[in-house]
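The two complexes that follow have chain A in common; it is paired with chain B in the first and with chain C in the second.
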Partner chain A sequence: MTTSLASENRLKRIFRSANIPPVYYFLIFVFLFSGILDQFLADGQIFSNPLIMLNIIVRSVALGIVAVGQTLVLIGASIDLSVAFTISITAVMSSYIMQGKTENVPVAIAGVFLIGIVIGLINGLIITKLRVNPFIATLGTGLIIKGIINASFSNYTGSVPQAFEYFGYGKIGPIPVSIIILFLVVIIGWFILARTKFGAHLYGVGGNSEVARLSGVRTDRVLIGAHVLCSVTAVLSGMFLVSLMRSGAPWVGPNGFYDLNSIAVAVIGGTSLSGGKGDVWGTLAGVLIFGILSTAFNQLGVNPYLKTVFQGLIIVLAVASYTIRSKKEAA
Partner chain B sequence: MTEELKEVVEEKNNQLEPLLEARSITKRFPGVLALNGVSLKFMPGEVHAVVGENGAGKSTLMKIVAGAYIPDSGEILLQGERVSFNHPREAQLKGVSIIYQEFNLLPERTVAQNIFLAREPGKFGALNVAELNKNAVSVLKEVEADQLISPTKMCHSLSVAEQQIVEIAKAISFDSKVLIMDEPTASLTLTEVKILTDLIRKLKARGMAVIFISHRLIEVFDIAEKISVLKDGELVGTVMTKDTTPQEVVHMMVGRDLDHYFPPLGKPEDFGDVVLRIRNGNNDFLKDINLELRKGEILCVAGLQGSGRTELAQSLFGVTPFKTGTLEVSGKIRNIKSPPDAIRLKMGFVTEDRKAEGLLPMQPIRDNILLTVRTLQPLFEFIFKDGIRSSRTLVPTLAKQVDLRADTFDREAQFLSGGNQQKVVLSKWLSTKANIFIFDEPTRGIDVEAKAGIHDMIRGLTKEGIAVLMISSELPEVLGMSDRILVMRDGRIAGELPAKSTEQDIMLMATGHTKDQDANNNASEGKE
Partner chain C sequence: MTASTVSAQGSSTNFNRKFWGWIRRIPPVYPMFLLIFIILGFLNPRGYQTMNGIMTYLRPSSPLAVLAIGEMVVLALGGFDLSVGAMVTFVVLVSSKFLANDPANALPNILMLIGFGVLVGLINGLVVSFLKVPSFITTLGMMMVVRGAALYYVGGAPQGYLTDNFRAFGRNYIQNVPFFTRIPYAFVILIILATIAYFIFHRTNYGRQILAVGDNMRASQLSGVRVKLIRVMTFVFCSVFAVLGGIMIAGTGGVNVTIGEGMEMQAIAACVIGGVLLGGGKGNVINVVFGAFTLQAIVNLLNQLGLPKPYTDAVQGLIIIGVVAYAALSTMKKR
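So, the complex of A and B:
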């Protein structure tokens, strides 16, 4: 009897793991749609070029890394609007500290990670201890960081040494280092959410903070931890961007819309803004959807604003489809 | 084995060594003295019921014992040792567990994840998923639900009763010495209540102290050895169950006797024309529904959990409309495709789940009461003219009609007690001058005195020519209130019974043949 139960469970587990998250249908649709556009407008030159296909992912790395962090805080029913400025301060500070010298790289990396951890701690503490709404709290810290960097740096500052560019341009075999780092971050994100107690507690805090607290979860610590992790991913994104650009500028983060885009891709991927629900695989699909759209549209020379229209459509359609799905489930 | 345990237990009782003791606990909330010097002793191997009206301080006391609140003064002793819990976790680790009145499961997480939330197995912060699910199965086995509930099932897909079982499994999994249950039977059917009471007896035999909070005195008398009564934050007294009667306990709770628990039934001459009739109603949940509801009568719908009672109410009210069949309201064939259709046809629906469906908890009482009447008004009228007038006159009138006592109608509805919240929901529908009322579990989780008030009021509605369809899983309530009884089974109306039937009549009809029911149970388990 117990064995039959176990085998039934295993079957269920296999079924569930084979159960494709709905966002992947959108990913496939966007991929096919862009491919067809490519056939008509450029005779399929883009989609038959493996370098461009890889480039789709490379272009998604900065957004992808920070979106994993954003997914964590969203699952905790929080939000981080300060990531764009965390990315900026990382880019500026790392190239400022490095000043093109390889020997400064370790100090710079340690420095920007420290800054990231402090920003995450401050965000988390304001939200949990001062009980400020996360939207407002991180909007505030974001503005503070923005003010600080704009007051101190007005343009490209310093530069990164050649060795550091390995992050942005290096390859291991045919695969760019940046892609490997993105997938490492996604896998770490998955591991944290699905295979650690911290992850289980984070879902609890986001799903129902009071239930989690009464069950013995140290809710504040968990949420602060999620914010620190999110800021650290923003730092990683910033370091990747500065190694691509070779020098940091204050507008890197806000110009890339990393704050709202990271939230958008997480939500497209099925993460709930009200917390307690979501995973990094969905977020990864959301990131790739944005990556395909921007690469394909750029290469095809289509009006770039049309890309934004599509991104907007995808956000609305994806979230609407999840709501309809969950209503059906409930009925 | 049990004999031995009994001896041990008796020995311990004789030594008068309580497992858990609360000594002169006082707790004050802004404006309220929730507990005033309450002292209680809980013995091992004993079920100790704590009863009292809503707001008597039962839940506050339990939260203090379980570490969720810190008392202003007084002390808690666990096995004679003074303890002070700053966090529920500390209480749990010392073996004091609590099942709260409200459901405390995370809907988007699995059964196993919920049971072991904050106690997940694994080393160095990692989570051992296989171990987690294995542990969950063994805990579910302890509550004999391992065949019913899979540990990897999402909690939002469980029925209310299954969620309750998971809650109990969670509490038991703490290896607790003291288990507090706050209204554990409020949403269970009779069969499920029996499973629960059997379970409690087993826990008792293990030497646990079970603290049982309930409004249902029948269960309290069935399961508890001792009954402590709280009133207005003070201990009225503790009595041995065998030395007392329900009447006496009710007297202690309310300070007066409630002889006439139910208002008198309607007389045949009170019943008027058929105001609501459905012929051959069908939809996804219901099959071949035929019913008539007359002016001035109370028609009760009984049945087991999942038999389609709530679905019937929702279908009549347009939440899940009938797909086929003819619906007549006041003699005319009507289409009810949505709740606004039903509201326009002067129907009112007091839902089972006040918090989720009946109330806007963050809105003031005033706006809650005016909510439905406003939906009937032209868009701008209520803002300019009627809003001001109605909030001045209509709200106090309605509040008086339902005996709603509140210091100000601007108070948010969430701060009211369960009974008063129910009154707000009622007055919301009275405001539309509805003549067909549907009540779904109108007294669930409401204390004895408020219950009697609600019963009186429902009967009062029929005196004004209103037709009432009432759903209840409490058989005494069904028998005490109804002029006719419909019994549902598997989405169909199994039959009709006259007033003054017996509980046995209803149960026989609700379960069908005992064998039939078993077969059905097996079939539904097979589907899982």
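So, the complex of A and C:
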């Protein structure tokens, strides 16, 4: 009896510490609304076909993984506009190193993670040591990476071996591996933010860097760490994309607008652009909203250009749904 | 005050100090622009040491400067406008269909586009002010809406060409001008717009209030600045300038769906090179114009050196980071 009560208490505690963000109501609303529209205007597969549900999440994996990293950076009152090109360089380099051979996979994975860590370090160092505004710093590093890849690769290069495609296409039981990885990344992100000293410091740095510094937080290290983690998530996204596409191309990242979309998704999830506020569960909801929308648009056969229009409108509406109550002026 | 206390003997050192103080106060954009332009002149005397060549260089620089002036006002307020590039795409694509290859449609087209700019700016400003959505997100959404709408209107590809009288603003020169030999229309338009912007931004209360709001929103609100009105006006200003810049770009650029892509980032970069602080509270129209000129000169320099386009991106990124790091570190030392 007592043990079950204790476990129930613990469950409640965990539930409370997860602290469901209001964006989930918006998520449910979007899901029901697009489901009902689908029921009346198309074949109603969103509600009836469980595969579509899975598909919604699979569509969200690439954006979801990098959005978790972006959330960390945004909480630290920074921003990372270089993720799109980090994704590209990962996709290109991993398929270039692998060249379709299974034995090259470990080298490729180690290589791209190293690249990611270096990019994150450079971003963090430019922002903290050279005091460059993060928007400009990562815009600049993004341009640099873009230049490097475009100078070396023009289109599809190399290919990934069958074994590596497991990341994109594999399944454990009925559940795709990619979904499991997405949730693992989200849980790790949650753990880092809610359960570690680093996470607590990151909120402090984002909320008020000067106060955090005076209370003994090594603000520079925390911010650099956040940037490294963000670049690593971008690398993971890139590896997922290359395993889906079977070969890397330099336009993967920018064509998917992963830089601005990951920021949009995090902000929809309640992460503040000025730092100190947010969590990965909100970001996950934001990503799922994007996934539901793109599935619903497909189901309803919406014109692709109107799709962009609606997506833009919904980003603003989603953020407005909670900012409208705030008394502070936005900037 | 110092002049009266210093003896006649010390007046030369006083002059020195004043002189160096004055030198130090020159924004870093000017020496940088001069340096790059001199290097360009050495590499290609015909292109950058003759009036003809300089005017050719000014033609594509002017639209970028117009976009940058618009962006600067929003940045000075502490916001962002990411919809600038999409506006340029909108101008080019919609004109390609709306003109219907008939020169008589040019004027209605321009008026319609400016009207659209006012509308977009109004919506941006109202959403930020009343729905309290951060401008980064508002204008990101607006970027998608504007680009999607333009592509939907033309059906995914440009329809027809742009008439010559519409393209004249960005493309043609005033010929046979004494001393200057020829002056691009675009540069004349830039001078007019920059003068207007300079007057509004540096000589009216509205301009001072923008800087005040960007510096400290709460304080300016408490001292009676109508923040919401200021912000809506600022976004309208930026969007209209984006349309005007877009019309100028339509003259020189090709008619394609990616013409405005990344323009917002270029405009922001030009502002930052011109000494604008992201986060608000600082900005100067003339410095920003030279920021845009510098950015264009950097691109030309890299082309002149024979670097392929990808390296141009990379070096541009390095230079942008370098300039901002220099500015940030030098202000830190002063404290």
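Assume the second predicted complex is superposed on the first by the 302 of 331 C-alpha atoms of A that agree within 3 Å, B and C clash if a C-alpha of one lies under 4 Å from a C-alpha of the other, contacts with A are read in each partner's own complex, and residues count from 1 in each chain.
Operating definition for what follows: a contact is a pair of C-beta atoms (placed from the backbone, for glycine too) under 8 Å apart; a residue touches a chain by one contact, two chains touch by 3 or more.
Keep in mind that this is a model prediction, so the values were computed, not measured.
Taking chain B and chain C in turn and counting the residues of chain A each one touches, the greater count comes from C. In the superposed model, A:99 lies in contact with neither chain B nor chain C.
In the superposition on chain A, A:201 makes contact with chain B only, not with chain C.
Of the two partner chains placed around the shared chain by superposition, chain B is the only one that A:217 touches, whereas chain C remains out of contact.
Looking at the shared chain after the overlay, A:277 reaches chain B, while chain C stays out of its contact range.
Contact with neither chain B nor chain C is seen for A:49 once the two complexes are overlaid on the shared chain. By the touch criterion defined above, A:306 reaches chain C but does not reach chain B. Across the superposed pair, chain B and chain C both touch chain A at residues 329-331. Considering their complex, residues 77-79, 82, 127-138, 140-145, 147-149, 151-152, 156, 217, 221, 227, 265, 268-269, 272, 277-280, 308-318, 320-321, 324-325, 328-329, 332 of chain C touch chain A.
Across the complex, chain B meets chain A through its residues 68, 87-89, 92, 100, 104-109, 113, 117-120, 122, 125-127, 129, 133, 137, 146, 150-152, 156-157, 284, 320. By the touch criterion stated above, chain A contacts chain C in their complex at residues 126, 130-133, 135-137, 139-144, 146-151, 260, 263-264, 267, 273, 303-313, 315-316, 319-320, 323-324, 326, 328-331. Those residues of chain A lying in contact with chain B across their complex are 5, 9, 12-13, 16, 194-201, 203-204, 207-208, 210-217, 272, 276-277, 329-331.
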